[in-house]
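In the two complexes that follow, subunit A is the common piece, with subunit B as its partner first and subunit C second.
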Partner chain A sequence: MRADGTPHEVVVVGAGVAGLVAALRLAKGGRRVRVLAKGVGATHLTGATVDVLGYSPERVGSPAAALPGFVAAHPDHPYARIGIGVVDEALSWLKGHLADPRYVGDTGRNFRLPTAVGVPKPSAVVPQTMAAGDVVDGKSFAIVGLPALKDFYADLVAGNLALAGDGIEARAVPVGLDLDGRVDVTPPAYARRFADPDFRAELAFSLRGRLGADEVVGVPAVLGLAGAEAVWEELEGRLERPVFEIPTLPPSVPGLRLFDALMGALRRAGGRVVMGAPVVGAEREGNLVRGLYTEAANGRRYYPASHVVLASGGWAAGGIEMDGSWAVRETVLDLPVCGVPAGARFLPGYLDHQPLAGAGVAVDRSLRPVDGEGDVVLANVRVAGATLAGAEPWKEKSGDGISVSTGYHAAVSILAEEG
Partner chain B sequence: MKSIETEVLVVGGGATGVGVARDAALRGFDTVLVERKDLAEGTTGRYHGLLHSGGRYAVKDPQAARECAAENVVLRRIAADTIEDTGGLFVTTPWDDPEFGDRFVRGCAENGVPVEEIEVADALRREPALHPKLRRAFLVADASMDSWKLVWACARSAHRHGARILTYRAVTEVLRDGDAVAGVVVVDPRTGDELAVHARLTVNATGAWAGRLTVMAGCREVEVVPGKGIMIAMNHRIVNTVVNRCTMPSDGDILVPIRTVSVMGTTDSPVRDPDELEITQAEVDHMLEEGEKLVPGFRSYRALRVWAGARPLFGARPPGDGVTGPRAPGGDTRDITRAHALIDHAERDGVGGFVTITGGKATTFRLMAEETVDLACRKLDGAEAALRPCRTATELLPDAENGYYSVRSRLAAREENLLDDQLVCECELVTRGTLEAALERRPTANIDDVRRALRLGMGPCQGGFCTYRAAGILHCRQQLDQAAANAALLGFLQERWKGVAPILYGDQLRQARLDDWLYQGLLDVEHLPA
Partner chain C sequence: MEDPIRASLDHCVKCTICETACPVAQVTPLFPGPKYEGPQAERFRQPGGSVDHSVDYCSGCGICSQVCPQGVKIAELNSRARAQLKAERGAPWRDRVLARPGVTGPMGAPVAPLANKVMASAPLRRLLERTAGIHRDAPVPPYARRSFQRWARGRRSDGAGGGRRVVYFHGCSTNWFEPGLGRMVVAVLERNGVEVALPSQGCCGLPLQSNGLFDPARRTLLRLAADLGAAGGQDAVVASSTSCGLMLKREGREILGIEDGGLRAMGERTFDICEYLLDLHDQGALDTGFRPLPMTVLYHAPCQQRGHLMGTPALDLLALIPELRVVESVGGCCGIAGTYGLKKEKYPIAMAVGEPLFEQVRQVGPDAVACDGETCRWQISAAAQRPSVHPVELLFRAYGLDG
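Entry: the complex of A and B
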């Protein structure tokens, strides 16, 4: 407790990218911080690339060049709320805290990295292990397929990659990398096996003599959990060619690595994390939250908080939900949700812009939640990540860009308030 | 143009069509069936899965009740493995008139529908999720039936007896030879290949689409009203017994437990085009509200999917029009009889070689086929010849000897090869081996065909993982070129979306956004090359 009786601790709700970035930035800024999370965040679903702005709606070559126009056209977008200067600052800061693997790139130019269907997806900041996949005209790709991995189809990747630009060649190279005779192997199970030097050598050996001189080698993103950067470097050395990873369906190995990296950095910086502890209520006083209640196997617990960062996710993570009578709510603090369409919530085309998609919590410039009139609802709460209104992350290819920059901004705004 | 010849040509690959094809083949006729899409793609594959006891029609539609009661017994014997013996309840909720129960029991007794009134407490012990203030409860022989399995079993049986089943063959022209229909020309919509099928007798088994074919044949259009019914699959076995409201048939009054889900049905409204079945928010809301009356808290269960089917309702018609079967008043489609109609166009329109079988229910499909092939015998063998005996009421369908389906059996089957095969669809336990075997049998299958055959993508995640896997497997088996693989993937996502969009709330909304995350955020499918 401080002299005035308020607690020191900042409580972050949610252990996804936004929550962990906010917590790490706060801890690095000298604040006591505690993360309360229902479970691991959605990191495990992502390819762990930081996509800042990929489509608007045409493909974006340089997010830095496109963002001024984008925020002018979308004044309620999270990027517009925090200001685009924050995005670069947040990304540079994040890169400084990720080592295994390192992250490369910036908002000056989007990489175009093949997805598991072979579409080049625009991403600004990416793991070093993926960067060589950048799709440019004239490039030749060899895509490695693992037979027991059902969440990656090398033929499908190669077939579409070959159509992705002028003079691009792409082909699938299946390898019979056996894993104890198992026929159904998850990406993390493959990744764990890459800790074994013999297994790494076996992959390289099975590709020897099967690769063209100019080919870059795409592999499903299973090249190890801890120590992935070393595994990747070793494979590049053995194959004497650039090697890149392609994210698979979840559970995503690069997502697990990103989660581990952020959690490790946070713990080293003194942050605390309570997993399996859904927040079930809040103690309020006026327009302040004094603390949060969790309920877990060991019962109900109370965590006093000087500030709260709400990073509980959007529709997919359960941070915002709609019940069977079509009523929408923010699930942790019952904040006002804006952007719920009065008419059709969804349009008939799967790839249409869905009216409900942009619904979320509206915020002011320091990410404090506001009501329909724009008045701050809770003055010591910041909202970050997919809970925010105004974005269509999957259409824009902006998900982790929003999570990183708003998580960072939430933390900086709290630190600034403390002076 | 290539051409083939046959004695009996069946147009339409729903339960009625394959039923006619099987019956005709069993009686020794050379038989061909053509279907514009996949088997059971139309009404048969879009119903709630109820094997009627006849109780539903006991008061309102006695003939339909009698037919259902008789066919219920037959199908339980010949198609046991497509049926789960759930039993059925008719319950009087606080919103229903208890007096109706007396009329119900009387109607059942008059029409041969076995029924027994039981204590409300016993009904609630059996189905604890039902409304605690039920007033009366009656036990009947309803069951749930897997219409895809049924249709495929009939098709396999027909094939074994020499019938040729041709899917993805849409009729473009009805061939005439003077006053008679002489077959049809079909086109494969995927390849554009045309085929002429010459036949001595053409059977129009196109159900709700029957009017179109009669016009193409140069006959007066048969008056089939497509009656739209919507159904909602809830992701739970909310009940393990088929439950009906004990009232006159109305919207949202049946809950059918089938496989891992419960299906709420249904509505009934006339539409003009059976291919355009729009589902409105108001209809969904109405069904959920009615669900609350049977099962309090219904809206808080996870709704998986909503879909609509088009019943073929044979409308009001003048006497002496060559039709055998009951008469019915016009107006509200719910007042149209559920009994079927068999039309000899020689009598009705002076056009020989052509009959239409329409109306009816999935439960009565076999009887409809029997009557149709009886007529075929008289037309092809001559009215004086001895009728070739129908064997479909006694000859078991393939796999029927396995006995009734049980919801537990799919887990047992999976246990057997747990370590030997990749699980492609975790929700419905479809393995790569099963998928590849299905593709082996039908090299031209698309993902939606695979879904109907294996239930791929029909579980809680609605294709979240298996759509990608199925596209990858189809593609690497060289069955699909790049453009076709991409189209198959996008087409399946669209097909799944169509059925979830109107009922997205709660966990299913969360699931849908998760699927978007995978397909749009992670894979970027919207930028697949066309």
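Entry: the complex of A and C
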């Protein structure tokens, strides 16, 4: 309890998708919530599609149809822990909070959207600005190339797309839309320029007469930061054809939009965010965490907590680490890590089943961390996102699906406890 | 690697998250961005022989270091690179003057009416721009007729037996431009039973540091720490300028590289005024007998405030005031960055950086903008044509201390 008799905040560790979804759900549920983050999460690096289940191990057409068999075969997977009903509930809730652009789709059917190299990737819920890129047999694509955009090659995208199904035609359409003669322009720099109506008109004008009647038009995902949905609608109207965005290499504009949308909603709901402040310690009492310490300019700062949502990421973000003596640890609360193989940790083939890949924190049905015996270690902690054990998101194509549904479930489970 | 700041560049995975957050790179191609300027260029930097051309366009806001998920000290690396550039190629005399408010203050204040007339005269400002490179429209506050130090001299603070004692580090701007803020800080602390020591004190060296003049910055900061320490022993130091408070807390060590046990210890007992008051509240020791303030304020956390890594204590304090409606700013940086936006060649960049914030102020139309940083307040007031206050002023008024 605080001095004024109200309960302490819920403290969320991590500002990636899992942490922000958990924080927003808690704030919308009426809880005081504070996010403590070492830095920005992976939103800025990814295409910001919500991939629920893409491969198992064969390509999945319908996650809803595949998930019952998948969780039966993977009882330690996060989806199996929270139950597949939660996945749909979390996705519906998220879609209700994203407006610019809106997100479309559900677990009934995967889109197959071209990546930055033109290879289709299965995704269940996607920004509306990308949906028309769904790769189906017999479709014709025109891929727009912007002259100064870093790391985006329309020829490469079109070449790979043409191999992605029967009767698919795809070609590159370069345009001369540079940015004041600059070279190596990043996606956000192009995106900011799309706030200018003249620039948008120029893109449409430069495509006039160059598109086939049946072609859908792919553009790199730079159609504006704020107001992207309107930019996309305007371009579809001017070209009189479906238009879709193709994710780029980082920095990812769709990821920036998703981050801004979640942060903005969280702020408006009264949530607080401390960025750049890594958690460096915890105050414990029995099987409870009473509060967390972060690094601060004058040493460290203490944040009392009623509950903690740990969404600090996995191997990539430093939430799970392996040191020089091969010891694996969870870096924030030193929770038990399960799934560390006794024998070989890595296999030579990049896309082999890597034995270490599923290592992480094991949890119970309400995402509380458990030890090797299955006993709850910290009763007021929930774990969400890439810190969890039992998933191989890069092979399954399940990363943001796990982050959204476990972040949501962590919040709901805390709200339920409060009554 | 000789120190942790430089060693941190090895943690850079080139993810470009800092590039998306840099307010300067978003508005001008003259600054290529924190990743290129920081961890990438750092690989080419040797002692002696600066390789830099564009690093002086970094405004030093520090946002890049805060958003980095790998803990790379990007802003600190770039500050040091700027200092090496200035050390080798020299700094314009304009920068040397702007960097010394502790020298210009005593010159301007005694002739405040004249100095203020000069700075308010459009023809003279155009002349100043041509001769000195200070932009004609840059926000320059008027000198106060009576400095805070003159008010404080010989004053005895009364903690009313509360048993808490602090040293007040008021900074140059409070002394020469906003002495009223200093008096409000003292009154709010005393209202809460805190006895306030008000030692004579100089500059913290931040403007010297941000202009790349590290040697005088180090001397200036250590002199300040000695003055504050002599007055307060081991008492906590409370600062009402967030950027200057950050010099004591961290930047003297991390950017200027000062290895001094006394400075480190003082940094650990230094608190921003809002941080200190919120800690009092968490201990149940803050007087919450606030009168209603039926008004709307837009709260903007300055970049250096965020560098304290303490959250936004001002928001929690303002939430205690009945009928006060607080809107949080969405703009990241106001652009001014201390003395950056005063300079002729950088003023347009500073205005472009701040535009999203100014636009929000114009749309919300608050009765006032609340902001912890002095140069940010001046910039926002000038650009968005709204009054601005330090959050403490709202507490002062809600206590009914304004009579």
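Points worth noting:
Heads up, the rule we're going with is that the second predicted complex is superposed on the first by the 411 of 419 C-alpha atoms of A that agree within 3 Å, B and C clash if a C-alpha of one lies under 4 Å from a C-alpha of the other, contacts with A are read in each partner's own complex, and residues count from 1 in each chain.
Assume a contact is a pair of C-beta atoms (placed from the backbone, for glycine too) under 8 Å apart; a residue touches a chain by one contact, two chains touch by 3 or more.
Here the structure is a predicted model, which is why all the values come from computation and not from measurement.
Superposition of the two structures on subunit A leaves subunit B and subunit C fitting side by side, clash-free. Of the two partner chains, subunit B and subunit C are each touched by A:Pro250. In the superposed model, B is the one of subunit B and subunit C that contacts more residues of subunit A. In the superposition on chain A, A:Leu45 makes contact with both subunit B and subunit C.
In the superposed pair of complexes, A:Leu163 makes contact with subunit B only, with no contact to subunit C. Shared-chain residue A:Asp375: touches no atom of subunit B or subunit C. Within the superposed three-chain model, A:Asp180 lies in touch with subunit C and out of touch with subunit B [touch as defined at top]. Judged by the touch definition given at the top, the superposed model places A:Gly349 against subunit B, while subunit C stays out of reach.
In the superposition on chain A, contact of A:Ala277 is made with subunit C only, not with subunit B.
Of the two partner chains, subunit B is the only one that A:Ala116 touches; subunit C does not reach it. Centres of mass aside, this uses C-alpha centres: at subunit A, the angle toward subunit B and subunit C in the superposed model is 90 degrees, to the nearest 10.
With chain A used as the common frame, subunit B approaches subunit C to a shortest CA-CA distance of 5 Å. Shared contact residues on subunit A (touching subunit B in one structure, subunit C in the other): 45, 182, 250, 317-318. Those residues of subunit A that touch subunit B in the complex are listed here as 42, 45-47, 59, 115-117, 119-121, 148, 150-156, 159-160, 162-164, 172, 182-184, 247, 249-250, 252, 314-318, 321-326, 345-351, 393-395, 397, 399. Chain contact summary for the complex, subunit C toward subunit A: residues 15-17, 19-21, 26, 29, 65-71, 246, 249-250, 267-271, 281-284, 306-312, 315, 328, 330.
Subunit A meets subunit C in the complex at residues 2-3, 34, 38-41, 44-45, 180, 182, 186, 188-189, 192, 250-251, 256, 264, 267, 272, 274-278, 294-299, 301, 304, 317-318. Subunit B contributes residues 288, 298-301, 303, 419-424, 432, 465, 468-469, 471-473, 475-476, 482, 485-486, 489-490, 493-494, 496-498, 501-502, 504-506, 509-510, 513-514, 516-518, 520-529 to its touches with subunit A in the complex.
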